[in-house]
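Just below sit the structures, each encoded as structure tokens.
The two complexes that follow have chain A in common; it is paired with chain B in the first and with chain C in the second.
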Partner chain A sequence: MHQLWIIVIKEIKIAIREKLVLILASTIVMLIAVALYAGYLSYQQQRSIIVKTKAEKRQEWLNQGDKHPHIAAHYGTFVFKPKTALSSFDFGLDAYNGTSIYLEAHYQHEFMFRPAQDHSSMIRFGELSSALVLKVLVPLLIIFLTFTSYTQERESGTLKLLVSQGIALSRITWGKILAYCSIMTVILSPFFLGMLLLSTISVQQESIPDMTTRATLMILLYGVYLFLFIAFSVWVSQRSSSGRNALLTLLSCWMLLVILMPKTVANLSESFYSLPSMREFKATIEKDKIDGIDGKQPRSEYLAKLRKQYLEKYEVDSVQQLPFNYEGVSMQAGEEYGNTIYDHHMDKLQKIFESQNQLVSISSMFNPFLSVQNLSMALAGTDMYTFKHFEDVVEKYRRELVRRMNRDMAENSKYGDFYGYEAGIDLWQEIEDFSYRTPTAQEVLRNYRVELTSLLLWMSLIIWLIIGFKGNIKPIDG
Partner chain B sequence: MLQAINLTKRFGAFTAVDALNLSVKSGEIYCLLGANGAGKSTTINLFLNFIAPTSGTARIKSMDVTDQKAQTKQLLSYIPENLMLYPNLTGWENLDFFCGLGGKDYSKDQLEQLLKESGLQPDFIHQRVSSYSKGMRQKVGIALALAREAEVLLLDEPTSGLDPKASNEFSELLLEMKEKGVATLMATHDLFRAKDTGTHIGIMKEGKLIEQFTSGEVSFRDLEHTYLRLNYNA
Partner chain C sequence: MDSTTQTLIRYEWKTFVRNRFQLLMLAVTFLFGLYAIYYGKSEINGQRETIKAVQALEQEEFSSYKATFTEEMETLEQEQKHDIASLPAYAWYRHGYHAILPPHDYAALAIGQRDLFRYYYRLTGMSLYYQLFENELANPVNLMVGNLDLSFVLVYLIPLLIIAFCYGLYSFDKENGTLVLLQIQSVSIQKVTLVRLAFYFVLITGLALLISIIGLISSGNPFQIENGAPAFAWLIAVVVYCVFWFGLLFFIVSFRQSSSFNAITAASCWLLLLIVVPAILNVVVTTKYPLSSTTLAGLTRRTGLENEENDEEAKEVILEFLAHKPELKGSDSLFKQNLLAKAYAALTSLKDINSQNLVDQYNAQVAKRNTWTSDFQWLSPAVSMQDVLAHIAETDLVTFMYFQDALAEFHEEITDFYFTRLFWERPILLEDYQAIPVFNISEANGQWTIVTGGLIKISLIAGIVFLLGFINTNRWSKA
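Let's look at the complex of A and B:
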């Protein structure tokens, strides 16, 4: 252990005296600081817009005046996906999915205020978030920091001297790994501390119940990711005959793992499991709302059957004779009919998304970058599953809102007297303001078992390579 | 202290060391002479266990270096032809690092004293090794051997490229180590240094030890003649 720490201290001392390392480290720190600050500004800006608009929309709903409940259901309202402090760290899918949705009877509107809408497709790669810096650029720093860790010792002859002292190669390797881990911890500690602080003092506690846990797990996640890169880079340097070879190998691996593979996997998943366009998707739903799923039960038939059932049940000849306004019942039935159609198509769409995600998840077994990418978004609350969860909660809220409007209409108005009845603020107040709680980190992470397993396997593999791999390593050439 | 018993090393069809038998006792300096490719450095590398022998054994204090790697390495100190230390560390820091690895805990003053004893100019002790000459680095190597209290010194062309003054200083240090009972095996091209410093001299050719004698047995002229005759038939 004593020997290990002596090696660690020596490596740190040498790295600190290397000007290039200091320049690279300063650049990375600056990039992360800029990214985090920009992310935080964007988070603050969006959050204040959301808070302000949310309050405005609530007031608009409550103060919409007296009107027919069905008109109120069409008047609708806006709901907003709360921004988490961690989303300033990893924007995830927020930029593409949007954070606001308009709720209205009969229609499931798509999300709005998608930052990516306002940018070219380049944003998909180029958006500078702290997560991007950590996932993509910090590994580059690690490569430049470590590629000569062994080759330089071998080329200069110090490795011979080290080994002649009776030091085991694995101990030298661990010493180097621990030294670089310490250096990276120091470089990134202000950033990690800032993130933890930001999460702890965040005012978003009501929407995210476990911010501190998430922030801690996020730090752990990136700690593991960077450890993997450090350990792998040192191992490659150990196995390479020259610094040039080590650098070429490491840069090739970086290109493959960080740039090419994620893009290829995303493209392949889109090719294998194609999504319909938004226009196609909506058109199919609208068609099925008239003709029924696969033309089996058209809407008109369904409503006629329902009307007949009600007339028989209440033993009356016309809907006017029913003890309630049948229009309310009919509208609710139409709504539910539409919901069934929507759910059917949404399920199909969801299955495609799941297949795409499954492919990415499986690919993550071969690439820890993909695991970290998915887990980082999950912990930031900007992943697909959190988005789906929000979407489900919103749709449930919308359905409840419409159901209450239709029930009020059925109970309090008369058939055919559409403009004669008006509800007021008492009814509007019955609809609770929309509030959303993100699933806990534990709940979200259940969807990422493959990614977690992948990281565990990669850790085991790297440790095995360093401890157990008996290669032909010599302190001398020839 | 040092023993090679039928020590053989082959690289494919090429035999670098061929059934070598030699022994170096405590307080002896055994100089291995030979042309390039004679097998001198390979012999040193076999004792260091940097490479494994094809057959035979290399022993330090009766311990096989391949079986008891850690124990044998604790006993030895090694100075290659061009001792490369960490250029971004000072001579003192390098010595402190290597001593620490060997489990030797010296104070700052003790390490400074060791470096001074090895002939390093005091002004350079706390300067980075990147500013050192080769001779100064070799002196740090000697300081390391002193600090480690090595019983065995393995030297691979240690004076090659040193100016006569530095070379002479190095020889003086070796003689001091000899007086302390250190067994030294030195591969060298330098006949004069071998005769002047060594207690025993062996001449290698094509991996074989073809001649060996004590330095007292021969004059420098005889040594030179023998060396040239054996290596170049001159």
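Let's look at the complex of A and C:
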């Protein structure tokens, strides 16, 4: 053990002597600080606007005055996507998902306003977030720090001396890896601390219930990721004949894993599973809402059957004789009919999205960067799954709102007398204000099994390479 | 070309062809280029297909209207259809017109924001803002990752090639011990370095131009009038951008540091210009000009009259609207026929009039962001290059904002067409279909100033780094 520590300390000393590394390291720390600050600022800005607008819309709903419940259902309300505190760490899909949605009867609207639309094409270079720094830039710093770790010893002949003293090669490797890990820990410690602090401070009014768990997992995730990079780089250095070669190999790997592969995979998924256009998507839904899916059971037929059922059940001749306003019932039935159609088409659309994203998941087996990207977004609550969950909650809320309006109409109004009945604030208050809690980290992560497996496999692979791999080592004096 | 230069080139060629790794990199970049062209084309062709499908839907809609004027009325459905076709009270909010922003041929090479913005709208006489904000279906994950189009290959990958080929121009000789051999030749090291730099410049810029030409020819005919200038500008941009990177490498090499140092520095520059600078600019602009679409969300609400059976309310709304549109006044039957239809037409138009301000403010903020970022583009020639390419291909924000303005005009034409008929109680006749509004968007010219400006910025920076490198290498012989 003693030897190991000597190696660790020596490596750290050497690294600190390197001016370029110091400059890069301080740049990284600064970038993270800027990223966190900017992330937090934009979180604050967006959150305060959303909270304010949300309250306004709630007041609008409550104070809409007395009117027929169905008109209120059309008046509807708005839901805004809450910004999570963890999103200031990883923006994820926030810029590319719509932020607000209008809820009304009969129609499912889609989320509107993708924030990236308010930018020039420069936004496609990406926004500075700490996640970007950690998953894209820090690996490069690691490469710069470690590529000479073996080659230098080899070129200067010290490796020979070390080995001749009877130290196992794997122990030297571990010493180096540990040294770099400690350096990285020191560089990133302010960030990790900040992360934990952030997660404990703003727990109130948050849509994420388990901030601390998520923050801890996030730190763990990036810890594993950076360890992988360190170990891999040291291993490459060990296998390379010269520092130059090690650097070139590592840079090519970085380029491939971080820049090229994610884009290629996403593009391929787009080519394999193509999406319909919104116009066609909507047109099919509208058509099916009249004719039924595949022309089976058109809407009119369905409603006629329902009418007959009600007449038979209550043993009356006309709907006017029913003890409630049948219009409310048929309105709700029409609503549910429409929902079935919508769900059918939405499921199909979601399948396409899922297939596209699955391709990325599978590719993460070959690329730990992709795993980390997905897992990091998942933990920050800015991933596709959380958004989908949010969409589902919103749609459920809409349906409940419309259902309550229709029920009130059935119970209280008279058949054929649309303007004769007006509901008031009592009914509006029955509808609870919309609120959203994300699923727990555990639930979210269940959707990312492939990514988790990929990280585990990569971890084992790297450790195996360092400990167990007995392939040819380059001649010690190169 | 003197004989020493020729010799130098000959030897450089020999070293180049012997290095398998370098050849492989060239081949890979070339293949990526081809794939990028293919991918961009398939994306844009997909959009063209959608446009066709959408136009077909419109054609179908309008020919079904026209048909009702000539065919025998037999069923109730036919009569309803004829009402929609001929009565402005139904037609104004049912007839849908498509406003389309067709892709420029070269949009396939620089997709820009084209996957993010709507490029077609179906507009009726209803409130414009009710129809304006719906998004196109897209997978947000793929939007975030972005497109691997030719502009990506040129902006991201070509510089890497340049780095990989040039970072060791001087240091390799030093490290391999051949430097001394070079020093005893009659030709100066500065010249040797410059010739080699020129050699790789021709090689890599040649490759970039080759891929570009393949892209330009396969995505559209560059000899067509509307493609000629863009194609030319594209090629110029490629050359200028390559000059910049070679200049930068020359500057880095001129410090005579080790290969590893050069490689690290060059890679850091790449990182700085392609990732760090734009990422910082983006996050700064987001926080400096905060924008929340929540303010616009309210516009998408469909509002109705409080009580459709209350004539007074309807009249009030109509009068309020007519104050803005006096030319629609004057019909004797203003309040006698189609009161409800008129009231709704008035209501939705009033909504547009009243929200105009809000939308303008929002768009002004977006424009401010855009100006701010373009003011800082000189910080990164890569950002300028991307911007130049997107403007050549007409896929940048400016084009879409221009499209939005055109949409507003078109919407006004539509409402004028129907509202004059609605308020003056004139039915729509078959011959009126000859004169229905047609969307057209005139050629935006603003982009050429941006393109030229961007190119000048890149050239200037290229000139500076090259000059600095030159000054530095001048000192070599003295040392």
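FYI, the second predicted complex is superposed on the first by the 464 of 478 C-alpha atoms of A that agree within 3 Å, B and C clash if a C-alpha of one lies under 4 Å from a C-alpha of the other, contacts with A are read in each partner's own complex, and residues count from 1 in each chain.
Note that a contact is a pair of C-beta atoms (placed from the backbone, for glycine too) under 8 Å apart; a residue touches a chain by one contact, two chains touch by 3 or more.
Since this is a predicted model, take the numbers as computed values, not measurements.
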In the superposition, chain B vs chain C on chain A residues touched: C
Which holds for A:L251: it touches chain B only (first), chain C only (second), both, or neither? second
Contacts for A:S300 in the overlay, against chain B (first) and chain C (second): which applies, first, second, both or neither? neither
Once the shared chain is lined up, is A:F387 touching chain B (first), chain C (second), both, or neither of them? second
One more residue to check, A:Q429. First (chain B), second (chain C), both or neither? neither
On the A-aligned overlay, A:K10 touches which partner chain: chain B = first, chain C = second, or both, or neither? first
Identify the partner contact of A:Q442: answer first if only chain B is touched, second if only chain C is, both if each is, neither if none is. neither
Check whether A:H74 is in contact with chain B, with chain C, with both or with neither, and answer first, second, both or neither. second
Does the superposition put A:T99 against chain B (first), chain C (second), both, or neither? second
Chain A positions within both the chain B interface and the chain C interface are none
Within the complex, chain A is touched by chain B residues 11, 45, 48, 50-51, 69-70, 72-74, 76-78, 80, 82-89, 93, 97-98, 100-103, 148, 154
In their shared complex, at which residues does chain A touch chain B? 2-3, 6-7, 10, 13-14, 17-18, 156-158, 160-167, 474-476, 478
So in the complex, the part of chain C that touches chain A is made up of which residues? 21, 32, 35, 39, 42-43, 46, 50, 53-54, 57, 112-113, 116-117, 120, 122, 133-148, 152, 156, 160, 164, 168, 175, 259-261, 263-265, 267-268, 271, 274-276, 278-287, 290-298, 300-304, 306-309, 365-366, 369-370, 373-374, 377, 383, 386-387, 390, 395-398
Which stretch or stretches of chain A touch chain C in the complex? 20, 24, 31, 34-35, 38-39, 41-42, 45-46, 49-50, 53, 57, 65, 67, 71, 74-76, 78, 80, 92-93, 95-100, 102, 104, 109-129, 132, 136-137, 140, 144, 147-148, 243-244, 247-248, 251, 255, 259-260, 262-264, 266-267, 269-271, 274-281, 283, 349, 353, 356-357, 360, 384, 387, 419
